[in-house]
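Listed below are the structures to be examined.
You will see two complexes here that share chain A, one where it goes with chain B and one where it goes with chain C.
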Partner chain A sequence: MAQPLVKKDDDRDDEVDYSPFLGIEKGAVLQEARVFNDPQLDPRRCSQVITKLLYLLNQGETFTKVEATEVFFSVTKLFQSKDIGLRRMVYVMIKELSPSADEVIIVTSSLMKDMTSKTDMYRANAIRVLCRITDGTLLTQIERYLKQAIVDKNPVVASAALVSGIHLLQTNPEIVKRWSNEVQEAVQSRAALVQFHALALLHQIRQNDRLAVNKLVSSLTKGSVRSPLAQCLLIRYTSQVIRESANTQAGDRPFYDFLEGCLRHKAEMVIFEAARAITELNGVTTRELTPAITVLQLFLSSSKPVLRFAAVRTLNKVAMTHPMAVTNCNIDMESLISDQNRSIATLAITTLLKTGNESSVDRLMKQITNFMSDIADEFKIVVVEAIRSLCLKFPLKHRSLMNFLSNILREEGGFDYKKAIVDSIVILIRDIPEAKETGLLHLCEFIEDCEFTYLSTQILHFLGIEGPKTSDPSKYIRYIYNRVHLENATVRAAAVSTLAKFGAMVDTLKPRIFVLLRRCLFDNDDEVRDRATLYLNTLGGDGAVVQTGEDVKEFLFGSLDIPLVNLENSLKNYEPSEESFDINSVPREVKTQQLAEKKAPGKKPTGLGAPPAGPPSTVDAYEKLLSSIPEFANFGKLFKSSAPVELTEAETEYAVNVVKHIFDGHVVFQYNCTNTIPEQLLENVTVIVDASEAEEFAEVASKPLRSLPYDSPGQTFVAFEKPEGIPAVGKFSNMLRFIVKEVDPSTGEAEDDGVEDEYQLEELEVVAADYILKVGVSNFRNAWESMGADCERIDEYGLGPRESLAEAVNAVIDLLGMQPCEGTEVVPNNSRSHTCLLSGVYIGNVKVLVRLQFGLDGPKDVAMKLAVRSEDEAVSDAIHEIVASG
Partner chain B sequence: MELCPSIKNILLLDSEGKRVAVKYYSDDWPTNSAKEAFERAVFTKTQKTNARTEAEITMFDNYIVVYKFVQDLHFFVTGGEDENEIILSTVLQGFFDAVGLLLRGNEDKNEALENLDLILLCLDEVVDGGVILETDANVIAGKVDSHNMDAGAPLSEQTITQALATAREHLTRSLLQ
Partner chain C sequence: MLMAILVSNSAGNILLERFNGIPSEERLHWRTFLVKLGADNLKGARNEELFVASQKSVYIVYTVLGGVCIYIVGKDEYDELALTEVMFVITSSIKDACGKSPSERLFLDKYGKICLCLDEIVWQGILENTEKDRIRRLIGLKPPNPTEI
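And then the complex of A and B:
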């Protein structure tokens, strides 16, 4: 009995970690809090109890509403004490309790008294507490004191008021904006932090007034800012001004000199802020970059890890767009590979991979191999991705890079890391033909010992497509068949499918494949057996070696060109009956269409409080709306409705956007109008369209809007006739014409007499893209192959200097208005070439597929090869026509 | 980009990753369990590093974390991924040094818990709602300890009342232990 007891005591003695809060318990502390109500307050004891309460809250304990209220009320009693230390704790406690509005009233008078106290510390803290817990009504009462506090002689008080202003601006902007004069005075303060806080608040007050921000920046950059933090703010505001003025001014960049001057500031944070700002300038030139890179290079060899990290992270970003500018730092960067801080080392490596040249690859790979073993998976993924892009940049180096990837593939690692490696190898196989065979073998070896079902099945699928096309397909069979023996059912089923693909493509292998497939008929999983049976039958596995038919290949390799969601719905609706399920009955395009439409409203700028709600924007809804209008009823089937195009600037009197509805022989413009003036009622609203720059169009009908009251959107329509089936384009200028009636805002009644008025709208264009529907295909390669080269048209175009490859790609996608496939609209950073796949349906229901190959030609010039396949030569030509004229 | 530098949280943990005092200024971690998960992640990631002479830095989950350790106390300051790292480390250094001053050089967990009131006030003076309030350690410590700032001065320079107060304080503390 005695033994364990002694032991327990021993344990306690060992516990050197004595905590004053050991065994603390909420209930007991709440009991203790009663000392706040004592008539004779003991400040020290009260402070201790508050500390305990704060400790509990800090440890994640929560008080119930009742408990919090109780504590709050007793804490307010402590304002009677004159003890400064206790008062400080009371302030913190009140902030932590975040009392409700009716509780706030209790402390308001005490806090207001402190706000006008002679003690600076009271004033500063009371302001912060009161502003934290107050609401708008109380704010007007204390506004006078706050304005005084902003220009208070004591910097702590001024800062407290300014910081509170920054917070209050979110909830009560109209009040805070009235303090602008005082804040401006505080910007000139000699106290560093006051200047910082005042500048932050002043900018926030004026942030929507571009001219005022401009003025602020130009006056302050002449040099009256002392605080480094304030200087950092000024650099941020300056780069914002530069960004916004970039489009309007050519030649020398305004304020660049200021940024460059900041590189010589004595505070490191300012130097860094300026260097970073310069590297992030739009279209920064090498000359502008150089001084920034130089200071960052100095940081690289700093003894402070934070500085090294900041510099290498910034240089890493620069390397994506200006790899040459960073090469000067390569030597410093290489020494960072062995940095104690692994984040810094990883950033250094990935930067080097971006800037390195072909000759340095091997040396670099050696260094990285040593490094890989002692970093975390997430860093490894970053490195793998960098190596992939390096390999695409230097295809000749694929051997050593592929080797590296296969080595790390064999080492320990989690799913995401392995997936990143496998993805990289797959991409390299796809893009570098010479790397194909070795790459496939690496993958085969990997699945021999792969613990991730998902990766095994992906690789097996990929093998089935690529393997049969290699010089010696038979060598893969062993790896695949091993899966049938050793793996779980999902992998086995995938392996069976892969075997079948080899059988279908390689006639010499067929007999052996049949033997293997027949063995699979005895598998204990039904999916595996079913697949084996199915493939044996389709491939003619009854022993006769026959040429595999096109149908079978289509079945094995073809993609399911039906949206899976639609298939799922159709299958759900299917009731088992005599009639078997017909896959052709599944609708193909509806869903993708809706998706494309759904994206449209998101892009629409919402200039007004209530965006023009307009009618629901799905095609169905448009179709219904248009067919309900007798004038348009005989136009036939609606081919496409565009996303709304804004014809007015945001925040103007009338907000108008237009939707272009394309029919075979007609075009209907639907103008969605919103009246944003409460004092006006518009009647008889029409849009007068001048089609003199659209020769092929002739106006046939117009449907005015009878009345357009304030803030309830309405539509007016104009219809044009155009040559049937022809993608006619043209420009239309628009004038909104209406009768204005004054409305008495108090009664809401309109006067009887109105005045005719006009309002100029922006021009509207019908472009070629309006005649193409965005319809995706799930497997572009298959669709492309099956379309055939009969109606293929290929040509090359120079796109001239472009900001970036991504910008050029997006411009062409927008021009054609087609659906990007397989995520190819995303251009990886730093790439010099890109292939983008598009698909769509041209007017007249002609399927069109486009393959765009972009390449950087010289520093900025983009060249593009455009290959179009469609079911109609004329359509292929038309697509080229669009690009040539666009 | 966030135009005004902002602090997401300041953490003071012990050598096992347990809270000594923490303060969150951002809604990125709405619940206590989210906060604890973040603290655990930060702690395990930084535990093995040597951040004793110079502040160290790491980046994860799109946050930048700067940190510095002394004895069994781990100090962290977190900012968004676009934040100027050097500003964050200035805040960290200000807080770190201020705590050092307030604990009179005895920076360890016990001393910190003994003087938790000072640590909490210190947090309150460093950052207000994410906005940096002060980065100079002397000013921060001065604001926290303004009422008994000179208590550490030699006894001869103290008034009798102050000396008595100090004596009482020492007595209470030894009794509490």
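And then the complex of A and C:
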């Protein structure tokens, strides 16, 4: 048994004393560990050294490979000692050192001896250690003992084996699944902990077998579960069964009575679990919710912070979907605003903001004001967002809510917090017209003393858009012009632009704005002076009260309506000459970009980014582009656009790549062409597509590119009809056809006559992966379980010899074109098996989940088990076909 | 998953830490975060009074036991209520090992025994034993009393 390092009387405990580990040093302890090699072992001394080693490890200290190996070998010698306390320490030490596979062999025989020992405690501990350090090969050797241990009459041995099973299921699922009969028997154990561990393991083994889980839940809900922990597990599994049977059974919800009964359990843990399960039921009715809410309400006034936290956290979630059901708790919730625990207070406030009615807003705001000063920024942001939603819900209350926001804007806070407030004010200004003028003034006051350049420039930009439209625009000028005096160059330049906007939009202000802009001509920053000069020369009227022309306004403040990348390219190519740069020469078509297919789900709209719409995403841009072409306008919704596929080698005369746009009944090829020869102008550019190896496709339209000047990318399109909703595949050969005209390099003018020419491009394929969208899921296991096994298809495939497991995994991911989830696309080095999880949406908007299990069969041969779940069995079959034919 | 168990002295120095499933490069962040949480909230706290916090999808339950502060971090099924259960087992086992609520010195004196207790309570992030009497017997490699199963 572990001995204290320094023997001393307990009554000296409270004295300030030196630490027994004072001045402990790794090197010295490693030296001390040589005591393990003594022929005459001193168990007490050895235990002390192990404690020191544990202290080092528990302080985050690491041992080098050599050090760890040396200690490990020494520790194994301690098996010779019969001292029980020391043996217990040895077990811990071996686990902590986690020896590598080649070292494990040293200790295996000692542990196997202990595992078959007559002493129960040796058995239990040996099982735990062996399972921690074992690999698959050793596991098959000891499997027989583990199965016996699961049903051992000593609960400690059974629990050790069961918990080992839970861990081993992650690495060796096939082996552990063979133990289900023994585990099933252990679920009936009289020992509470054994039942708890067995239940957890059995569910993990059978989680994909809906019927088995249903049976397990049915039998246990009728029988007796011996511990609150196991009862909580049972409630979770019951919820799963309810969720899965929701669509198949009519009438009363199965097992609801069981959940409701658990609300009266003596253990708080069980009560909460049941209450949460009820509140999370799909389509839960008020009648079903009421008992759970009542129980949770009682816990709001508990003396234990954990119970208050658990209750308010659950009610906060319920308030998102059923705010009315939570209103009864509002009084209790209000008293939590002053709770010492800030997490509880914040949850209470955000719940109240969701459930409160219009009449209680003012009272609530008063309470929150006191609370805001003593919480951290991260909590404050949550509150600000909740207030924004409340204001949009009750627009009549905008005055008090806007006042609240402006007050907190003046207080101390970091960038994220201030940005959240400014965003909220901007959103309120935009959505509630009555709030506009006060909101703008609040923002004006804020920039008088704003330390964040980003926020100042954004607010100035916003003021330029909204300020001139107010009843008295002149009152904002002072705030804006102050920036020209007091701020850094970036903010000054933004202020100049904003002033100019007021001058252009409000004719009566123009003379005074001109005076201010003229003063900016003496600024010491180039950009500020340039902007002032530009505006003074273009706004017109030389400061008289005249209207600024619409074309000038459009030029100065209108949206560019040109992809910025194209403008950048054209400007780079422009050589200074007599002829000024012509913005109309910039191509308006979207230049090929790397496709970012993964949409950002749930991305919140930010306030300041919104007024002039930000650059569209590539997918949106494609959709916009295609719908603007009349020939493709009736193709319906764009399902997917592929990443560009190069059809020419690098550095050839003409660079062409293609983007495949997939519609339900059509496919459009967008050929992005670039002419890299300065002496040529291409006209009437088309791609002649031979679809003889794509039988299901029929060409229906082609849109030529009228002109393709040097280094100015353009697009030509070809559209095909295909059977609706069918993932037709095929191979297409392409030929670029055009009229080429010589260009005089000195004048840049093309000759009148041209010659027809052709240019062979690479082949292009439409593959199955083109019909699957990469859409990830945040929690694969949940998604998998909630999808259910109805449309599950499982099969095994031999992938033949492969370079590595990782190469095989990537090949299958590419073949299916789905989104890898939870980082499972990464295969650890030297692993011999791997599980990869994929998710996507199949054409027709059918969600698909795939679980791939790879294993090395022999030195290089890779075997794969493919399990597919989707909302449609035909789609599950289709995925298997893709793999079978790939 | 029980992601971390951390014990510090009242000044915030780490006495013992066990992480599960937290990469080593993130451990410093957790250490700092937890110690700061304790410094902000545990001053003047009653012995064994439980405190709770949440950080994104992770829950934290922490307390003062004599001269040491104990923090437990969990996620998924180890929510604030399950962590409370774990905390109860840990505090009662430490008290059992030390004979009373430990001072920092007493905690360090009984360090080996406490390591064994934790080894019985949590195994690689999964709760294994919950009874202090049983744990006391198990760390001495004695079988549990037949009456207490």
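Heads up, the rule we're going with is that the second predicted complex is superposed on the first by the 533 of 886 C-alpha atoms of A that agree within 3 Å, B and C clash if a C-alpha of one lies under 4 Å from a C-alpha of the other, contacts with A are read in each partner's own complex, and residues count from 1 in each chain.
Operating definition for what follows: a residue touches a chain if its C-beta (ideal position, glycine included) is under 8 Å from a C-beta of that chain, and two chains touch if they have at least 3 such contacts.
Just so we're clear, the structure is a prediction, and the values are computed from it rather than from any experiment.
K.L.:
Evaluate whether chain B and chain C can sit on chain A together after superposition, giving fit or clash.
P.N.:
clash
K.L.:
Who does A:Y237 touch here: chain B (first), chain C (second), both, or neither?
P.N.:
A:Y237 contacts chain B only, not chain C.
K.L.:
Between chain B (first) and chain C (second), which does A:Q204 come into contact with in this model arrangement: first, second, both, or neither?
P.N.:
first
K.L.:
Would you sort A:G798 into first (chain B), second (chain C), both or neither based on which partner it touches?
P.N.:
After superposition on chain A, A:G798 lies in contact with neither partner.
K.L.:
Once the structures are superposed on A, label A:Y122 by its partner contacts, choosing first (chain B), second (chain C), both or neither.
P.N.:
So A:Y122 only meets chain C here.
K.L.:
Can A:G788 be said to touch chain B (first), chain C (second), both, or neither?
P.N.:
neither
K.L.:
Which partner chains sit in contact with A:N154 here, chain B, chain C, both or neither? Use first/second/both/neither.
P.N.:
second
K.L.:
Considering only touches as defined above, state whether A:R190 meets chain B (first), chain C (second), both or neither.
P.N.:
Touch partner of A:R190: chain C, not chain B.
K.L.:
If we overlay the two complexes on their shared chain A, which of chain B and chain C does A:R44 touch? Say first, second, both or neither.
P.N.:
The first partner, chain B, only.
K.L.:
Would you check which partner chain A:F309 touches, where first means chain B only, second means chain C only, and both and neither mean what they say?
P.N.:
both
K.L.:
Residue by residue on chain A, keep only those touching chain B in one complex and chain C in the other, then list them.
P.N.:
Correct list for chain A: 17, 19-21, 47-48, 50-51, 54-55, 58-60, 84-85, 88-89, 91-92, 95, 121, 128, 132, 156, 159-160, 163, 166-167, 193, 197, 229, 232, 236, 268-269, 272-273, 304-306, 309-310, 313, 341, 343.
K.L.:
Mind pulling up the chain B residues that touch chain A in the complex?
P.N.:
Chain B reaches chain A through residues 1, 3-5, 19, 21-22, 32, 35-36, 49-50, 54-60, 66, 84-90, 109-110, 113-114, 116-117, 120-121, 124, 128-129, 131-135, 143-144, 146-148, 172, 176-177.
K.L.:
Using the touch definition up top, name the residues of chain A that touch chain B in the complex.
P.N.:
17-21, 44, 47-48, 50-51, 54-55, 58-60, 62, 83-85, 88-89, 91-92, 95, 121, 128, 132, 156, 159-160, 163-164, 166-167, 193, 196-197, 200, 203-204, 207, 229, 232-233, 236-237, 240, 268-269, 272-273, 276, 303-307, 309-310, 313, 340-341, 343, 378
K.L.:
Within their complex, state which residues of chain A touch chain C.
P.N.:
My answer: residues 1-6, 8, 10, 13-15, 17, 19-21, 47-48, 50-51, 54-55, 58-60, 84-85, 87-89, 91-92, 95, 119-122, 124-125, 128, 132, 154-156, 159-160, 163, 166-167, 190-193, 197, 229, 232, 236, 268-269, 272-273, 304-306, 309-310, 313, 341, 343-344.
K.L.:
Which positions of chain C touch chain A when the two form their complex?
P.N.:
14-18, 27, 31, 41, 50-54, 61, 77, 79-82, 84-85, 99-100, 102-106, 108-113, 115-116, 119, 123-124, 126-130, 134, 138-144, 149
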